[in-house]
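One structure below.
The chains carry the letters A, B, C, D and E, assigned in the order they are written, with residues numbered from 1 in each.
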């Protein structure tokens, strides 16, 4: 199926030697005008692309302090060079974070700095040519904007910011990426990334309600467009559509039901994800975020709860208040927005949920810190809550939990390899190779501690894992949602599981389980 | 010769101050429209100060990242800091007691600085990854600093210059009362290169000095849910969109 | 740091000579006069804070008594200017040194005050300066934290004078060149013999005694 | 834009091999696409493809994996009502490969 | 046997900062004491022209000797290929460096002119064993540093054995060198024995291991990591062997001295002369520092962690007493200018010298211990020295 080789596990992680141009190429499919125009981009390379490029670059330098400072302050110390999973997996030196930044920095120096204007050779500045633009396109679509490099950079330089700026500039000269733009366009037209129309969504949710009734004997509601619910649930559309995502959705439903929180999804804003982040476009991030505000107002909810999704949670946690706030019309006694894990964790702390961990005894779990949660947002009220809370929830749901190697978790976590708008089939080689470090860490715990499954809290991670796991010799369904574990373990009041466990009314329980 | 150096050093100093100030003003003017601290990040301003101090003084991130680079880089920077403190005695008449004490130990900082620089240069030449990302200027900076250090060492430990005259010269510089400068070769080289360094600093990667403190990934407080973060042009953009309001 | 070396390379300090002393303990002299002369010469006794057991003594009077016979004598003991001085061997910095002319002394610019030489000296000839001193003699700029001992009054010898204690001994101590068979000290030693303290240690001190 | 030729007709497909105009589909298209992907089409495959087309007709979207597996289970028995079975039929995934053969647009997003 | 993982200690906790502050304070007090002595001169101490090396030297030599002993664990693992000790070898290496640093700081600050450190480092008298020791100490740091590097950087693991061998040989020489500082003092009867050097080596094993065991138990307790019985019981058994060996050497040492005319007097003085040295020897060194620990380690309490810790602490105490007796007792006994005669003078010839440690001396000595612990604390938080777990299934090679 693949025309490339899956990298081999190394005996132990070492810094690879560089291999020039392994990943040279054209990059992912370029978008077409039909997808671009709604987003405010031209769709094709204009005549005066060079001026436009530099103009946009100057504009961004004046708009983002991050970009301006990062262009100047890299000391070329090389600390970041071995930190990117794409470099480790591909060995292409242009996938070293600093080299990736340098693609733009070389042009920045040539046109925006004194030294580069007069001594380009000395400081490694280059002219802007179409080749350079192509190289940008290729390599800035080999960065999942995971920020791992910035954790290790002594200057705090975040390559993701540079990547976003580069993609924004590229889009402005008609070199946008098809995958992301097509999806954003679908969000504008239909309401979610997948293009699930309201009718289909309703059908799925009704199906789930039936299933719950059958399985637990409890009327767990999966509302859509219900006005007057307590909470608006924002979750990635993948949670309605894909496996194992949907098992997570069932978990949210059970938890919220058990806590007596009425909730609904909105057909208008049926997508938590915000791909505007990937293309680095402030306007689009804001436009997409605004739907949430509108839905919350229309449905008259008191709180907004986000499902398991890394990039969605980053935008929600860090930007939503800025972009679509102030949310003074919501109940201020809850965090705005709140993560479903914060809800579940809080309830567990207060002893409001009954968990039967034994349900998950056949599993030995480990946890993949989804990088956008780990390095770009927070949960709970203290720094690092984003690490402790998911683990606490997992450990409340199952008896066997093991962490992967300390250098590959928490804020040093390795990206799954599919984030940042790269979760597309045309980048499969990159995705598989970029998954190497994560797979190695997983391999280690499967061998040493008998780990069977890995949980994640991001829709992209889950999809990416289902693709990459088989390449590395694991089972495709080893990836699970955290709330899938919760869903298995939770004992809802009045459910068949509760009766079974408590032995009350055995006959009835028996007769029901038989049919 | 003295006049040339006096002029050179004065110009260099002015370039340094003006150039650096312009950059710092630029950095503080460009908005940071979104909250992008790398988490886990501190929740308070005090916490941010501690975080930045750890980075500036201990090079904490670099330590996590690469122990060898940290070793040499930190050795170089701390030594440089001590050397610069020691240099204060050329420019102030009342040297504080602490500084006098420091100078006993401090004179050897030149050597640790040189070792640090050598380590960094060796790494740049022999580690393929680092070599790949290095432009000619990256080597030249290290060499420039090594030569400054070497000439300094020569003056201090091998062929002594007339410190008294120099002190007069530098004090004179500061009061625009130009004095004669001894014309020792190491001193000439030393001062010339120092002037070059001061002139180039605002246009080079040495902008990492202010850059570190302006990086939004490190200097932002992690409180986006608690406090609404709005920057200038983002606010304009906000106003344009007539936002839906609850009825 | 060339000060003392400069001296040793001066004309007189050659290995052709070996300065030594001969102490005649049978003469009835008040050895304390020698002690006073030494203290006076080198400005000793200006420690004001040190306890008695911390004060410097270059030269001291030792009373020896044979428990069996009851026979007893007194004799002055100072640095014996050993030919193979352990103090020099052990000194880590080379501050303890022996000049070619046999005089053993401490280079105060080099001494780090480790006191290993004191541990090594079998004659307890050395003292450590326990406090900040002032009013030192110009020729003996003693200082806190350094070790010192009898330096055979190098300052006087290099000026052609005899050591202060010799001068004060009314002839009971003879000073001279042990290498020169014609010198008075060599002649007397050749004729009447002399003994070294703890000769068993084979350090061949430059100070010899009669009557012990 | 690329084309594939089916029974003498040139049919437009996009970079990834999906039909550009959904109306162009007829069963021969699926057969040819399967040949290109080296999948041998059997009755089981056709069951799925027909189901996909029916679902799309009604909802304007490919069915979610869960919906599909349920439908398969209903029709072919519980043993086959899981995604493993579907992956056996369509190695690159029922969502994507089967949709392509069925002439549906590619479901993109976080899947 | 589960796989071994090393992990830094969490540095951002209250407990960590408490320990950091505590050890920092002890170190600071030590340095301030040194400054006080330096500023005034040594007249403020108990030292004098007879007792030349005082309490700080006892501490310094203890730490230096223990440093070489602490490396023993690593050597056993990589030189003698005992896999059971492999989990401990990194900690052993860094502890050797820390102990040596602590000792050297004390030694340096007790100099009459510590400001001339550079003289000591640049002007060598190659005849002096002391000079050799300075070279040995710096070399030791370097070699152990390289050794640690080969242990901690995976690609260089293959060199560990060689580096370990070099470190092993080096430290034998080093301890012999430290012992020889005394051995070369021909004038002093107490030290003039060929047995001193080997005795120092075995003492180093004992003190180093006791310190190591104590630190290991303490640090695992406070970081809530698991420390299994296997490791503890192997270490405590080894410790017991070393204590017994030291005891044996002490016995032989004193017996031979009693039979040699030259050394009889000093031996009788220490063993029966009464006074502080006799007390320290019999009560602290022999009883509290050797016999009681042997009982605690091998007796019915042998499995009780608290008792093992107590035994290690007592061994350290006994070791300090032993060094005090050797160093200060040895100086207190008068040198004989005229063997067989009775001697007296204004310079305290022929009398037992008096010495009472002063507070600043003790504080300086403790400061050295503080520096050691401070370095260890920083080190285990900064780099991966400590196994994340030493539970039996990780540490015991017999567990499957």
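As a working rule, a residue touches a chain if its C-beta (ideal position, glycine included) is under 8 Å from a C-beta of that chain, and two chains touch if they have at least 3 such contacts.
Owing to the predicted nature of the structure, the values given are computational and were not obtained by experimental measurement.
Path length between chain B and chain D in the chain contact graph, taken as the least number of steps between touching chains: 2.
Here the chain-to-chain distance from chain D to chain E, counted in touching steps, is 2.
The pair with more inter-chain C-beta contacts, choosing from A-E and A-B, is A-B. Relative to the C-alpha centre of chain B, the farthest chain centre belongs to D.
Put simply, the C-alpha centre of chain A and that of chain D have 27 angstrom between them. Centroid to centroid, with C-alpha atoms defining each point, chain A and chain C lie 85 Å apart. Taking the mean of the C-alpha atoms as each chain's centre, chain B and chain C sit 58 Å apart.
For the pair chain B and chain E, the distance between C-alpha centroids works out to 43 Å.
Within chain D, no positions touching two or more other chains are listed. Touching of two or more other chains is recorded for no residue of chain B. Looking at chain E, one finds that none of its residues touch two or more other chains. For chain E in complex with chain C, the touching residues are 38, 40-43, 47-50, 52-53, 111-114, 116-117, 119-120, 123-125, 127-131, 133-134, 181, 184-188, 331, 335, 337-349, 353-354.
Contact residues of chain A toward chain B in the complex are 15, 17-18, 61-66, 68-70, 72-83, 93, 96, 98-99, 102, 113-115, 121-124, 147, 150-158, 161, 282-283, 286, 290, 293-294, 297, 317-319, 321-322, 324-326, 329, 335-337, 374-378, 382-384, 386-387, 411-412. Looking at the complex, you find that chain D touches chain A at residues 15-16, 58-61, 64-67, 70, 83, 87, 91-92, 95-96, 107-111. Residues 12, 14, 405-406, 448-449 of chain A are the ones that touch chain E when the two sit in their complex. Residues 23, 26-27, 30-36, 38-43, 55, 59, 61-62, 64-66, 69, 73, 123, 127-130, 132-138, 140, 200, 203-205, 207-208, 210-212, 214-218, 222, 224-225, 228-230, 233-234, 237, 241, 243-247 of chain B are the ones that touch chain A when the two sit in their complex.
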